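Okay, got some structures for you below.
Shared between the two complexes below is chain A, which has chain B as its partner in the first and chain C in the second.
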Partner chain A sequence: MFIAPATAFFTLFLLFPVLAVLGLAFTNWTGFNLSQIHWGGVANFRQLGSDPIFTQALLHTVIFVAVTTVVLNAVGLPIALLINTKVAGHDFLRIAMFLPLGLSPVLTAILWQEVLGPYGLINELVVHTLHLQSTPIGFLGDPHLALITVLLASVWQYTGYNMLLYYAGLQSLPKERLEAAAIDGAGALRRLRYVTLPYLRPIIAVVVVLNLIGGWKVFDLIYVLTGGGPNHSTEVLSTYLYQQAFTLNSVGYASSIAVAIIALATVSALMRGRLAGEAL
Partner chain B sequence: MKKVTALKRRTRSTTLRRTVAGSLAAAALVGALAAGVASGATAAGKGGGPLNIWEWQGGTSYIPVFQAAGQRYTAKYGGTPTLDSVPFASYFTKFTTDVAAGSGVPDVMEMSWTGEYRSLVDSGTLLPLDKYLPSLPKFYGPVMKSLTYKGHIYGIPMDLNTLTIAYNTSLFAKLGLKVPTTFAQLLALGTKIRAAGDQPLAVNLMDGWPDSDLWFSQLAYTDPTHNLITKAEAGTASWNNPQFVQAATDVQEMTKDGLIADGSSSLTLTSLAAAFGSGQTVMMYPAGNFDTSLINQADNGKFTYKLFPFPPLKAGQKPLATGGPAIIWSIPAKAANPTGAINYIRETVNKAGYAEEIKRNFIPSAPTNTSSNKSAIYTQMVGFQPTAQTRAIFLPAVATELQNAMQALISGTATPAQVGSDLRTAAAG
Partner chain C sequence: MSTVGAAAPRTATPKARGERRLSAANRATLSIICFVIGAVGLIPLIWTLSLSIRTSSDVFSDRILPHSFRLSNFVDAWNQFGLGTLFWHSIVVTFGTVVITTVLAVTSAYGFNRYRTRVTEAIFVVILTGLMVPPAAVIIPFFVAMTRLGLYNTLVSVVIGESVFALPFSLLLLRGYINTIPLELTDAARVDGASQLQAFRYVALPLLKPALATVALFSTISTWNGFLLPLVLLNNSATSTLTVGLTSVQSQYGALNLQLLSAAAVLAILPILAVFVAARRYYVQGLSAGAVKQ
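Here is the complex of A and B:
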């Protein structure tokens, strides 16, 4: 009885949509009339294998997931450790790191568009103030730079998220353990290596998995910042899914892309148990 | 005992009074509701009635035009139209969902002139509107041609736009430049402007659609029949025929010769207008009634600007702008009040509707007297309209691919021949 509302909610808003997407992935449907859904078998999944744009989008998504997961943790954890030492200005640092998280990804994208535009702050500095080059840098318009720019914007926004989770974990680290290690002659690095990191390992596992899942389904920031362009150079799975579903009205094919995203996110979620299990 | 009886009587009497009063109130309420329904039914019977109108123009000068049409509709037919400004980003997602759910479908909807238009027709979602055309103005021919699909019209153009190059007249005078009359002169203009240390033609390539519009601007000349896209869409011409490839070659020349301003690939419409309006580039494309207000916001009256279409390839050819419908009205097949819907649409394109448009710098979709608007830029735009050539491909996959292929061409990662073959591949599905 007590779990009935939660079960109903879960069934209606999670289980049913996932099952519907799974079903639609085997159909050809334009998304308008339910009577016009036609069984297509595995044709959509076959098409995924031969679609060069899907391959490109998958590659970009893998790059996005890998880079953001590594960088967010490589930056977020040290900053959390630094703040935890109560170094001078740690309160300011904590707020400064956390602030971007308070902005919506859409607002972040618009902000970066302004800063990185050809007449934005960075290009004004590079071209007109410092005279480092004569033409503006095409941060978002150059196909070779656009993905890097998107990655930087994402890292800027979400580093504070990782920092916060690690900082919360560090707050619960029993001081006795660190003191005991110090009495035993362990230096700062050894205390980090043998006390702090093992203690944080379950948290690291959760944070990594959250980053992975967030990376697989990234949409808003990229959609607003570049729309997946120029010429698919920042296309990721979810922007390609959106284009297929709502620009080209290929809901069946879009559903097969959604299935791919669900599969990748599920594999990532299963990794959490493995990562955390090793720590326990 | 007497007291009890009296109390019972009083109670019965009070209950009776309450019951009568309650019944009267309920009857009044039912009556009022019935009257409301009857009045709605009467209004609907007169061709009016409540209307739900969807558009994505929230916050723009179009809203007063829509509202004024709504007031005239109410006065003539009865019933109140409700405007629902749905952001474009979620517009078709919401529409698709509502149609699939079978509820909340609008009576009148603004329609996108590429992509969605034909796919919605193909899915049987829009009503054919041919039978209403005799009661509407005689719209410009090229526009109606572009809205004809499978021999029928599913969208009524309310107003039009033209896409031309805007140039800063002060900078032109300072640099001793003249409006080019051939494509070669335009390319030479770019070289001169760069030699003077300025940026020539800024284009908001970041938005994607202007990349396609550069191609359309050249196709207006490379396809003298002005019919090749329609043929290719019908499958009777190839998407990689020489005229299409030549249009891409012209765009490639603009890039190679340095006509396109540096940083254009990172410009959006807003930043384009800001850059041009603040004098950072000598020319900008595309200029149309959709961005003149943005330019005016940026320039603060510092300079004046004028317009010219992309010049023809050869001297002596007539300059041609590109353009097409701006606001298109469609009626969903599941609309609850299609008669009211067409009456509302009529109010946006009759004399009074056009007067509202002209007042706000919108270009009417049929020939009409626009002299009440004295703006020089507006007069120029209206002047380009009768011969404006298409800027639409109605096959969603090809329209999308054109954007991507042109982005690749402009960034130097594709050749004009590849643009043609990419379009052909996209059309083949």
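Here is the complex of A and C:
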């Protein structure tokens, strides 16, 4: 009785769509007219294999997920350790890291556009203050720079997430172990290496998987910041899916891109299942 | 549930120990690093704030610091971009989503806790897999379903979508919390003649209040910041929700009226950051609980 409403709601609006998209991937549906769905077999998947833009989008998605996961942890953990020293300024740093988490990826994209745009802070500094270059740097317009810019904005937004999780983990670190190590003559770095990091290892594993799961969901930030461009240099699977489905009306083909996204997300899900050592 | 979050008693002892370990020079260095990283992190917010109060000519001059002060940018942005409508739509969608998500999550969390069979456990696990589903992957069938139901271009469709994506995490949080409270009390109420519903309403629900605040906060943030669903489900981006409306403003005026776009961004940032900062304790607890339980 208590479970039924949520179960029905979930089945109808999430489980059913997941199953439906798996089916639609095998159709050559174009447009959204229901009478025009025709079975297409594995043609869509063959097309994916020979579509250079899909290959790029897949590559960028994997790069995005891998780089954000590595950088968020490589930056988030040291910042959590720094805040945990409780030196003057640690509260300021914590607030500065925390604030971007409350913003929508859309606002993050707008903020970074204003900082990095042709009249943005960085280009004002480079062109007019320091005279390093006579023309503005095309952070978003240069195909070689755009993906890095997108990664930077994403890391800016989510560093606080990792910081909070690691900081919370550090609060439960048994102080006696650190004390004992200190009495035994271990310096700060050795205590970090032999006490703190081993204690945090299971937390690091969980945070890494959370970052992976979050990474596959990327859409808003890239859609607003670059729209996947210039020339597909920041195209990821979700932006390509959106373009195929809602701009070009290739609904069946877009569904096969959705299957690719689901397959990648499932791999992370299985990893999490193994980590937790239980059903999920 | 909040084992990690709660285990942060800020007593003076660990702090004092920490101070003893570091020399004054080291502490000063670390402090400087804290301030530098924090300041760099705040640059995008401060820069946008500084643009939002400038005149047009000041924005496009080569000055870093503002040389003008124009508060009427905020009024102009509000009127010119129809921010009133956008705000109102975001408020309606967020409110609807929070209500639906919280009701569904709390009833089902209670149900999953009270009736443990292999079937209910399996259902629970299936709903949790929803955490993993990227919204873009199911947006096509969802869009088709909403069109067929005649809900396309209504705020209701956005509420349904945001709710179904907020449900798994809310359920996870509440299920974790519910296991830590003495629900045997509801059995006692049943023995005393209360109906199932009464036992839930008058015994369990009051005990769950703190966790409900966390759930409401998380669904508020995710819905207020949601973008893909209103983008696809509402046909006019200029009268959509705040996030979609801002992108429409940005593509139309971003190049020419940077100060007005900045003013609109600042207006959009203020309310959500106010909620976020005021409720940060709940946010941190929910984050830790979700991570630990996962």
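Going forward, the second predicted complex is superposed on the first by the 258 of 280 C-alpha atoms of A that agree within 3 Å, B and C clash if a C-alpha of one lies under 4 Å from a C-alpha of the other, contacts with A are read in each partner's own complex, and residues count from 1 in each chain.
We adopt the following convention: a contact is a pair of C-beta atoms (placed from the backbone, for glycine too) under 8 Å apart; a residue touches a chain by one contact, two chains touch by 3 or more.
Computed from a prediction, not measured in an experiment: that's the story for all the values here.
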Fit or clash between chain C and chain B when superposed on chain A: clash
Which of chain B and chain C A:232 touches, first, second, both or neither: first
Contacts of A:143 with chain B and chain C, given as first, second, both or neither: first
Touched partner set for A:40, first chain B, second chain C, both or neither: neither
Which of chain B and chain C A:76 touches, first, second, both or neither: neither
Which of chain B and chain C A:31 touches, first, second, both or neither: first
First, second, both or neither for A:113, with chain B first and chain C second: both
Comparison of chain B and chain C by chain A residues contacted: C
Chain B versus chain C as contact partner of A:169, first or second or both or neither: second
Among 9-17, 45-53, 117-125 or 225-233 on chain C, the segment whose C-alpha atoms clash with chain B after superposition: 225-233
Set intersection of chain A contacts, chain C complex versus chain B complex: 32, 34, 113-114, 117, 119, 246
List of chain B residues in touch with chain A within their complex: 92-93, 96, 99-100, 115-116, 119-120, 122-125, 205-206, 208, 262-268, 271, 274-275, 280, 396-397, 400, 403-405, 407-408, 411, 413-414
In the complex with chain A, residue positions of chain C that touch it: 3-5, 7-8, 13-15, 17-19, 21-22, 27, 30-35, 37-39, 41-45, 47-48, 51, 59-60, 62-64, 103-105, 107-108, 110-112, 114-115, 120-121, 123, 125-145, 147-148, 160-161, 163-165, 167-168, 171, 196, 200, 221, 224-228, 232, 243-244, 246-247, 250, 254, 258, 261-262, 265, 268-269, 272-273, 275-277, 280, 284, 287-288, 291-292, 294
Chain A residues within the chain C interface of the complex: 1-3, 5-7, 9-10, 13-18, 20-21, 24, 32, 34, 79, 82-90, 92-93, 95-108, 110-115, 117, 119-121, 124-125, 127-129, 156, 159, 161, 164-165, 168-169, 171-172, 175, 179, 182, 188, 203, 206-207, 209-210, 213, 216-217, 219-220, 223-224, 237-238, 241-242, 245-246, 251, 254-255, 258, 261-262, 265-266, 268-269, 272, 276, 279-280
Chain A residues within the chain B interface of the complex: 30-34, 36, 113-114, 116-119, 123, 134-136, 138-143, 226-227, 229-232, 243, 246-249
